[in-house]
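Each of the two complexes below includes subunit A, the first together with subunit B, the second together with subunit C.
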Partner chain A sequence: MIDISALGAALHILGSSWQPWMVVVPGILIGLFVHAVPGLTTSMALAVCLPLIPYMDFLQALIFMTAMYAGALFGVAIPAVLLNVPGSAAAVGTTFDGFPMAQAGRHNEALGIALAASCFGQFVAYLLLLVLVQPISAFAIRLGPPEMLVIAVWGMTLIARLRGRHLARGLLAGAFGLLLGTVGLSVRGAPRGTFGIDLLLDGIAIVPAIVGLFAASELFNLVGRDYIIDDLTHRKVSAGRILAGMRDTFRYPGTLFRGALLGAVVGILPGGHAIANLLSYSEARRAAKDPESFGTGDPRGIIAAEAANASSEGGSMATLLALGIPTGGATAVMLVAFGMHNITGGPAFMRDHTDIVYAVILSSLAQVGILALIGFGFIFVAGFVVKVRLSVLVPVVLATAVIGSFALAQNMAGPITLGVFAVIGWLMQRFDYPVSAVVVGLLLGRLTEGALLRTYQMSGGELEFLLTRPIALVMLFLLVVSVALPHIRPGRIKRVTTH
Partner chain B sequence: MNRRGFLATSAAAGLVGRAAPAWADTWPRRPVTILVPFDAGGTADRLARGFAQFMPKYLGQPMTVVDRAGAGGMIGTSWFLQQPADGHTVMLTPATPFIPVNILVTHARYTLDDFTFVNAQWTDYTMLEVPKDRPWRTAGELIDAIRANPGKISTGVDFGSVGHITTMALLDALGLSPKSVRIVTFDGAGAMRSAMAGGQVDFNIGQAEGAAVIRDFIRPLAVFLEHRTPDYDAPTIGEVLKPYNVTVPIISGSVRSFVLPAAFKAKHPEDYAKFVAAYRATLDDPLFRAWLHDNQMAGDWVGEEKTTETVRANFEALKKYQGLLKS
Partner chain C sequence: MARIPALPVFRIAGRRVAVDVAHLAFATGIVGWCVWFGLDAWQSQADVENLIMIVPAAIAALAFYVAILVGCFRVVGREDDAVSQRAPLRAGMGAKIAGTMALLIAYVVTGPWIGFDVTSFGYILAMLLFLGERRWLVLLLVPTLFCVLAVYCFGTILGTPLPLLLVPDFGS
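Let's turn to the complex of A and B:
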């Protein structure tokens, strides 16, 4: 499945010139920095870097963008762990256990775990890509609305797991999130829930909403305290403990592999990238013998979320390189490089430029090592956040988030969204409703509705249609098993013990 | 013009451009913003960046590109109309179908009369296509299959697009009810093309240019043009429909044009004439023409009258078939 001669040519391109490598370190640094600041996003970084692209050759431009993404994929984890503010939807799962670890003074380990899991996830994804780029892409386009619907429903089961202390409040919060997700133009062109405000036609801006919900519910809680970590003796930045965290990651190979593979598969689906981390978190929790330890600072929670998030971009990269079809934000942006170099993606590109495709994949594998090094230095510096007084830190983070949300939307919609959701988040926290359930609903609302509508349209209302979708049926079966299993097993054990 | 002459004129033009003071007495008094109501990297954005590079020497002021995407161009277009109509903010956009769709489908608070459509510089057309693994070799076979199996064959549409309207108009012309096919509505042309490549739907009428990406996965059955094109090996829709004795309106796909506020032309006709002159000079610039060619973009000149006519014709067609979109 590997085209050996093209692989040789790719090694030659990468080995014979230092030019393609020149952009790797700046790319990773830009990605890390932009995503470590809550509210800034890749599309903004890209807008700044766009004028540079025509001055790079095509391979260099692609490597620059993959390097930016390598940094970005991990960068979002840093504020998620240290501040409980996910830099994007892709880091929501990381906050669940990352922030409790940080609060307990284990921020060094938590960041180390996130870095190692992210690097591992990226490595697995690109390794799969190197061997299977064509089969993956051929499989990817077979997945349509029915398959997407099953994934979305699977994601929704997460709401029940994130319920917090009260099931009813969790479900209510999830339903509220789903409802918010339907705001904007429907797939059939009808504006809903916009109150006549044009800026809401594209729906609620996800990133400012998430930052608002999380920032308010957590940062406001911190206001009464002096530091993120109460205990002075734990407020240390230690390279040794970061390394220990990185090493510890590999003590959970099952969680790590499951996360990486799950992310790679879900990433193939359009929109799958944003929910891969949540699905993986949910599965890790389901598979654990002690699920109640999740959410209290369990390293496996970070590993599952980060490994899946990192590998999900690899899945969408397969469809981009082999088919010229982007399925995620990252790959949509990479198409810009194609456009600017006047190259049409698609099967013809894969056929005629296999060496370039391999060179991009190989350089991405190498980038993982470089990311591990740069990321290590970066989190070492970022770790000093725990030494900053909260009376300084909280206003700075909130101000950055507000400015970032303005830059993102280029109008007041960003800051207003952030403000409104900050109030909602605070109220929910106050009355013990799980904020994360709203985020899951918000992320899945649109996806689920679109997939459901299209599945119905494709079927013409006939149920037999499902029989023509074997992949969807298998996925549905797995979903039912995964949901039912925990309820069956204890019952059987109980019966055995009573006899 | 020979090479040396051309170099001399462009150098002179460059000097003139540089000589103009940043705050001149006459229009343009300051840098001109080109607003693109779509994301960076799209066709309109790339074209705008070409103008930002080549047009300033004829305009005497630098040009910057600003992208404000959202709601099918409506967010950026609304913002554009809120700027002072002094010609320092111009818009470059696929004027149809987006402005008519904004008005008719998403109820934008502007009308066609608010705009001056300068020139349909680059026009795309639509095409009827099926995934390669489907059995239909000609459009006639597909039409017969729809008639024989009403409600069984599915089509993907990008809601509110010209392809969607054309699909409904074609069914209408053939006397087929909208229920005779399964209409699957996708979020945008990209999602729809992925679905076509994967054979998720049975046929599609969409932008021919965009379909280049999925060329290897599809079989073109008809182009919505007056004459055949060398780009795709398919008959025109007129040829296809001849045996059925019906016609469908040929609605231009994407008409990329500079768009200015109507108020600018009304209040400052001399300044507007200056803009058009600078624009035409840019279009005639051999360097710009070479750039367009390298980027596979067109640089046609059809003028304001013809362009406005096209936009209005598309608006009327959209209005006529708007009821069908809801079905």
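Let's turn to the complex of A and C:
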């Protein structure tokens, strides 16, 4: 599975010159800083750095961008844990347990857990990529709309699990989110729910909407308080406790491995990167003996979300390198960088530049260690957020989010979306509707509709079509098992105990 | 001290029924949008390709709403039983949250029109004052530092110029 001679060549390239390594630290730092600003995205950071790419050689450029990507993937967790503001869709799952931990004065541990899980996820993904890059490319090409539909439906089962105390309210929130996700032009060019506003033709700006929904839920409620953490003794920033959090991560190897593997597989698919954290969170919750502790500050929630989010990078890179297909905004910008060096990703690239592919993978494995060190220092500084008075923090965070959302959309749609969803988010929280169910719906709406439509067109409405898709059938079986198992298990356990 | 809000009580079919009007209005607003969206999509293009997910989701939303609707009406015995199930807001919190929302909406609407330099300064200053900050150094430094850093970072480092009033060409 591994081309040994190409691997040797890759080691030689990386070991004979310090130049490729020079860009790793700046790349990771840029990624971390950009995602400290709610609303800014990895693809935006990569795009901003594109003018630098022609001045680097191809390998250096790839390493620079993967370093930035790696930094950004962890960076999104910092505002998610400290402020309940996910920097992007990829950090939504982290907020569920990260912010409750921060509010309970366990922000050091939460950030340590996020960092360790992120580093572990990236390491596993790149290790898998190193061994399986060629089989993965063969597998990825066989995944189509029916398989994507099953994955989207799998993601939607999370809505039922995020229902909170009232099932009907959770499901209504999920349906509302799904419909919001389909606002804009249909595949056949029909405008839907746009109120005649041109800015809505592209749909609702997802990142400002998510920032609005989450920021509102907590920041509006925080205005009456002095600090995020009420108890003065819990407001300490402690390197020891960050390290303890990092150590604690490895007390849950099952959650960690499951998250990393799930993220790597889902990351292969277009749009998979955004939902990997949610799927993994959902599966960790399903597999837990005490699922009710999720959402209240359970470390396993952060581990599952972060490990999957980080490992999805490896999956995305597999598709990019092996097939030349971007799976999201960040890898699309990377593909532009390929073009700047007159190189096209895909099977030919894999065949002709195997040494470069291995060099990128090996350097990414090394980046994990560097990210652990830099990330530790970064979260130590970021942890001081809990010491800032909320009367200063709330307006500064909200203003940064508004400006970030304008920069992202480059028009009024960004800030206005944020403002409208901020109010909706607070009202939902007030009436006990799970905001996260709307976010899941919003993220999956367009994806599910597209996959459903293409599956319908491919099958001509015939269910037998599914029999010709063995991968989809296996995934469907696993989905049914994962949904049914929690309902079957208690009954069986009870019967066994009775006997 | 937070006061538990009382729900209005109506006499329906000879029974005293407490109605959670605020929740009812909110749920009706959400489902009203869902139904309107379904109809708008239908009017825009009435074919399977356009409605394959929208119509089932809108119908599902309507069904969930019916379940919620039932919960908004509660038969009560005495007047004292007609209390809201929601956790009450602390005293003064309602006004603070409404004020924060109003300032945010004003900021998102005026920022792109007037310029983020002036409106960001005004928004942060207004929020600081609204949230009880009275130290003049903080009132001056925080908005100024924020505006300078935001304009500089977005305009030069990130290369995404913002609409500005005082230095309109900065970063472009």
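Simple rule for what comes next: the second predicted complex is superposed on the first by the 490 of 499 C-alpha atoms of A that agree within 3 Å, B and C clash if a C-alpha of one lies under 4 Å from a C-alpha of the other, contacts with A are read in each partner's own complex, and residues count from 1 in each chain.
As a working rule, a residue touches a chain if its C-beta (ideal position, glycine included) is under 8 Å from a C-beta of that chain, and two chains touch if they have at least 3 such contacts.
The shown structure was predicted, so the numbers you read here are calculated from the model rather than taken from an experiment.
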Of subunit B and subunit C, the chain that contacts the larger number of subunit A residues: C
First (subunit B), second (subunit C), both or neither touched by A:L453: both
Partner chain in contact with A:A168 - subunit B first, subunit C second, else both or neither: second
First, second, both or neither for A:L418, with subunit B first and subunit C second: second
First, second, both or neither for A:G193, with subunit B first and subunit C second: second
Subunit B versus subunit C as contact partner of A:T296, first or second or both or neither: neither
Subunit B versus subunit C as contact partner of A:G324, first or second or both or neither: first
Partner chain(s) touched by A:S17 [first = subunit B, second = subunit C, both, neither]: neither
Residues of subunit A contacting subunit B in one complex and subunit C in the other: 187-188, 191, 410-411, 453, 457
Sites on subunit A touched by subunit B in the complex: 43, 46-47, 50, 140-145, 185, 187-189, 191, 198-199, 201-202, 270, 319, 323-327, 332-333, 335-336, 339-340, 342, 344-348, 410-411, 450, 453-454, 457-460
Footprint of subunit A on subunit C - complex, ascending: 22-23, 26-27, 30-31, 33-34, 36-38, 40-41, 44-45, 47-50, 52-54, 57-58, 60-61, 64-65, 67-68, 71, 86, 90, 92-93, 96-97, 100-101, 104-105, 107-109, 111-112, 116, 120, 123-124, 127-128, 131-133, 138, 142, 146, 150, 154, 157-160, 162-163
Complex interface listing, subunit B residues touching subunit A: 39-41, 46, 67-68, 70-72, 74-75, 78-79, 105-108, 151-152, 154, 159-160, 182-187, 190-191, 193-195, 197-201, 212-217, 294-296, 325-326
Complex interface listing, subunit A residues touching subunit C: 40, 44, 48, 166, 168-169, 171-172, 175-176, 178-179, 182-183, 186-188, 190-193, 219-221, 223-224, 389-392, 394-396, 398-400, 402-403, 406-407, 410-412, 415-416, 418-419, 422-423, 426-427, 430-432, 445, 448-449, 452-453, 456-457
